[in-house]
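Dropping a structure here in structure tokens format, bear with me for questions.
Order of writing sets the labels: A, B and C. Residues in every chain begin at 1.
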Amino acid sequence: MLKEYESLIFELSKEGKKAYTLPPLDVEEKPLEDMLPKEMLREKEVDLPEVSEVDVIRHYTLLSQKNYGVDIGFYPLGSCTMKYNPKINEDMASLPGFTELHPYQPEETVQGALKLMYELEKALCEITGMDRFSLHPAAGAHGELTGLMIIKAYHEHRNDKKRKKIIVPDSAHGTNPASAAVAGFDVIEIKSNKEGAIDLEALKAVLNDEVAGLMLTNPSTLGLFEENIVEIARLVHEAGGLLYYDGANLNAIMGISRPGDMGFDVVHLNLHKTFSTPHGGGGPGSGPVGVKKELADFLPVPTVEEKDGRYFLDYDRPLSIGKVRSFYGNFNVMIKAYSYILTMGAEGLKRASELAVLNANYLKEKLKGYYKVAVDKTCMHEFVLAGLAEKSGDVRTLDVAKRLIDYGFHPPTIYFPLIVEEALMIEPTETETKETLDAFAETLIKIAKEAKENPELLKEAPHNTPVRRLDEVLAARNPVIRWTK
Amino acid sequence: MFPYLPISSEDEKEMLKTIGKNSIEELFEVIPKEVRLNRPLNLGKPMSELEVRKRLGSYADENKNLSQLVSFLGAGVYDHYIPSVVKHIISRSEFYTAYTPYQPEISQGTLQAIFEYQTMITNLTGMEVTNASMYDGASACAEAAMMACDATKRKSIIVSKTVNPETRKVLKTYMHFKEVEVVEIEDADGVTDIEKLKEVIGPNTAAVIVQYPNFFGIIENLQEIEKITHEQKAMLITYVHPIPLGILKSPGEIGADIAVGDGQSLGNGLHYGGPYLGFLATTQKLLRRMPGRIVGQTKDVDGKRGFVLTLQAREQHIRREKATSNICSNHSLNALTAAVYLATIGKKGIKEVAYQCLQKAHYAYTVLTESGKYKPAFNKPFFMEFALKTDKDVAEINKKLLEEGILGGYDLQRDYEKYKNVMLLAFTEKRTKEEIDRLKSLLEVM
Amino acid sequence: MKVLEGLYYSKDHEWVKVEGDKVYIGITDYAQHSLGNIVYVELPEVGSELSAGDVLGVVESVKAASDVYTPVDIKVLEVNNSLVEDPSLINNDPYGSWMVIAELKDKSQLDKLMKADEYRKFLEEE
């Protein structure tokens, strides 16, 4: 940090300053009142800042320096797959031939864009073992919603209108039950077993002819492969339900095992996790949805099709659920994902998953003994710790996480999954060096010692950040969500 | 070795030894044999950076882009000028390689920028509160409709057919699954038919959705619609185009309950349809019913001002199936883009950009309708877009214009059967008098 | 965890105080403690008629949200708006912070609720 900086852009504002230029108006000017009804004119100017270009650049540059990103350091945020975001991807997505395209341009002027979407769809089908993909959904939760709408439309089309329930394990991401509710389903939550896997008996107990489907992450949110997946798929299918795959954890199994082969009927992927596109401080992501061929007719419109080497958008799909967003998806994100897939190829994607799993198991092994491991088994791409091995006063997982910040690491995901107390969910990804993993493990071990010897260090952490621990209760009790003079 | 996979074979050996395994394959033994893929993925060989650049570069070259064409195409997506600073700021990897700001102490950059974004959006729309952004205008509109149903406990939505067709389609999908009725109202001379609105509105109406300026570029009489809507205790949702708000009365001043729209125009570029930016702003009263993330101001332990994600108990990770929405990731980087754009053009610029669009569109209207060959489709006040009626097929006209390097208007027949041979033309500050005059001369000889 | 004598308790950690035909309903010390700092309270409309098990209101902390259910059939006579203005009152004095005053529809429903010592035992098992 070069200097303390605390201003809001509004606080830099001074009348008369400006940061833009426009050419002078070159057409004959008409009086405003000849063009617009007077009662529809704004009375007060929009209160936006008046600053210079240098102010804008310095302000946002200084703000950026208060952020931690993957380019700065290790970001083992479980379930989020914070892998490196390759720079070639950014360059490809900034080509004017991709950025400067209007979504309503005639198809003959966007053949390259459509081809890219078509090929990306094919690649995602191959990686997951599905038959068709829609690239429309803007994020994982949006993909879930789209996938669940497809499931509902499928049952309705078969005149099986009783199926209004979606089963969700208690270890699932919060978006699963929320998406099911938005898609108009009732949610049945089932308890997981001690290892965070599906409890087959609990599943059997709720399966009946009202169940539309089961949502599952595999590997599970505990980072373990669902070993009974074949049996689970059989049970759900026999009951007439469909199997939904939450692709948040696909990074463990690329080229090794495919959701399609496990029996999943619908999957969503997160291009911003598995396929290396950046998270942008919370989006834009991209959450493509893949389906088996029996469900392909229900995908959102339009799909991208090819005939005689010509690519086109197909709106003529009568069974489609319709549109879930405007246009065709987050195209700019798709370019980055496809650039990644081309770079890695079949061999590279498999190697990425292998190393993601190797790195996670290595870290788990190193931390065992200092921290409780939620389930001490070979994990996949991530694992969950259940707090410090030895309790020390009132030191909690939150304090361990905050202390990591002092040492320059981004903390893991904490207090998730909900079924593990004091959870620390660690996903190192494949793009880290052994040296980084070692340093991270040593730091966590050091923190465990500090917890015993000097717990205040943890309780008061972080110490040298732009701000220290913030009062979330104050923020929620008296919400101030905009600046006022 | 792959450039992003830095574990060497020596590292690998050591690590396996630590774990107590002989090979990486052993780590995957937990996967049942019958679901393992026993062949390589059919994806081709890894490519070098140079090869990727050539391949994707050639795809980009197959497209005709708007740096090569003069565009009069709008219909919800506009070719505005983006100041250079925007790209430079959002290309900072401290911003774009960060995740959602779950650890506020090391995310103040994102959090403060979003707080500023929220301030700008509320000021622009004249609303009291807004969230940290959503996917796009269309899905934000569907979320607003769900919010209105939730708040009024009613299950019917009225939407004017002068609302963007993409938006209406998305709305219908969401509402179908929520089992909410959607009633569309035809337009009369390009604006919402007020008489029809009075006919269909009733005690079951949760909200009335209108667009401002509407899809045809027209400024409707929202005051009257507001009155009719609120008399029935329904909510008024305005789908707004943000740039004209530099000059036009804000949704807040009109009395809207929720203002939604797409922030594509606010520096976000075209990108063949996405990612754009959905914004949703509303009243203090509806704050807790608002979907999505919200950034709030607070203090740290030393009393220093700071920002956090707040009111999270509404959200899916806490409320699960009872959450106000399933949204998790928003479009944070697009919100940052909008904030940088709005900071750059500022108080005067938002007015000037809007004013130039307005003047250029009205100049074009005058010259294009002069000869009588092209007639205005509607006789209503418009902002930066208007519809022209011809006796020719719009697709044919556009084909010829394209040969001349011009991207013609939107063919309204795509969505409105009754508007055959009607094209919707858009004018941003980027279009020059010369380009408009050239469009005129080309159209005249067709 | 404080448990007051003379009140009735539900398994969802609401308390009911009876005064003639009227009841006061709030959440217990245990409930406020497990939620942590309460930041938001939502109350029903005066006049609403609720059956036992219906949602009476909502209490939220920073990291949790919880529906409050009425343990008995009621008609709401009065709501405690001071809780909406200052939710911390519940943390400071859960038994003094009634959420509603209501008309009790069916006295016999009280028999299904726990008395103080039963609730104490119930908490031990939780």
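Simple rule for what comes next: a contact is a pair of C-beta atoms (placed from the backbone, for glycine too) under 8 Å apart; a residue touches a chain by one contact, two chains touch by 3 or more.
A quick map from chain label to UniProt name: A = Probable glycine dehydrogenase (decarboxylating) subunit 2; B = Probable glycine dehydrogenase (decarboxylating) subunit 1; C = Glycine cleavage system H protein.
Just so it is clear, the model here is predicted, and its values are computed rather than measured.
Chain A has the Cα centre that lies closest to the mean of all protein Cα atoms in view. Between B-C and A-B, more C-beta contact pairs are found at A-B. Using CA-based centroids throughout, the chain positioned farthest away from chain A is C.
Between chain A and chain C, the centres computed from C-alpha atoms are 38 Å apart. Centre-to-centre spacing of chain B and chain C amounts to 44 Å, using the average Cα coordinate of each chain. Centroids of chain A and chain B (each the mean of its C-alpha atoms) stand 19 Å apart.
Within chain B, residues 311-313, 318-319, 322 each touch two or more of the remaining chains.
Those residues of chain A in touch with two or more other chains are numbered 472, 476.
In chain C, the residues that touch at least two other chains are 39-40, 60-63. Contacts from chain C toward chain A in the complex involve residues 37, 39-40, 60-63, 87-88.
Listed in rising order, the residues of chain A touching chain C in the complex are 415, 472-473, 476-477. Those residues of chain B that touch chain C in the complex are listed here as 288, 311-314, 318-319, 322.
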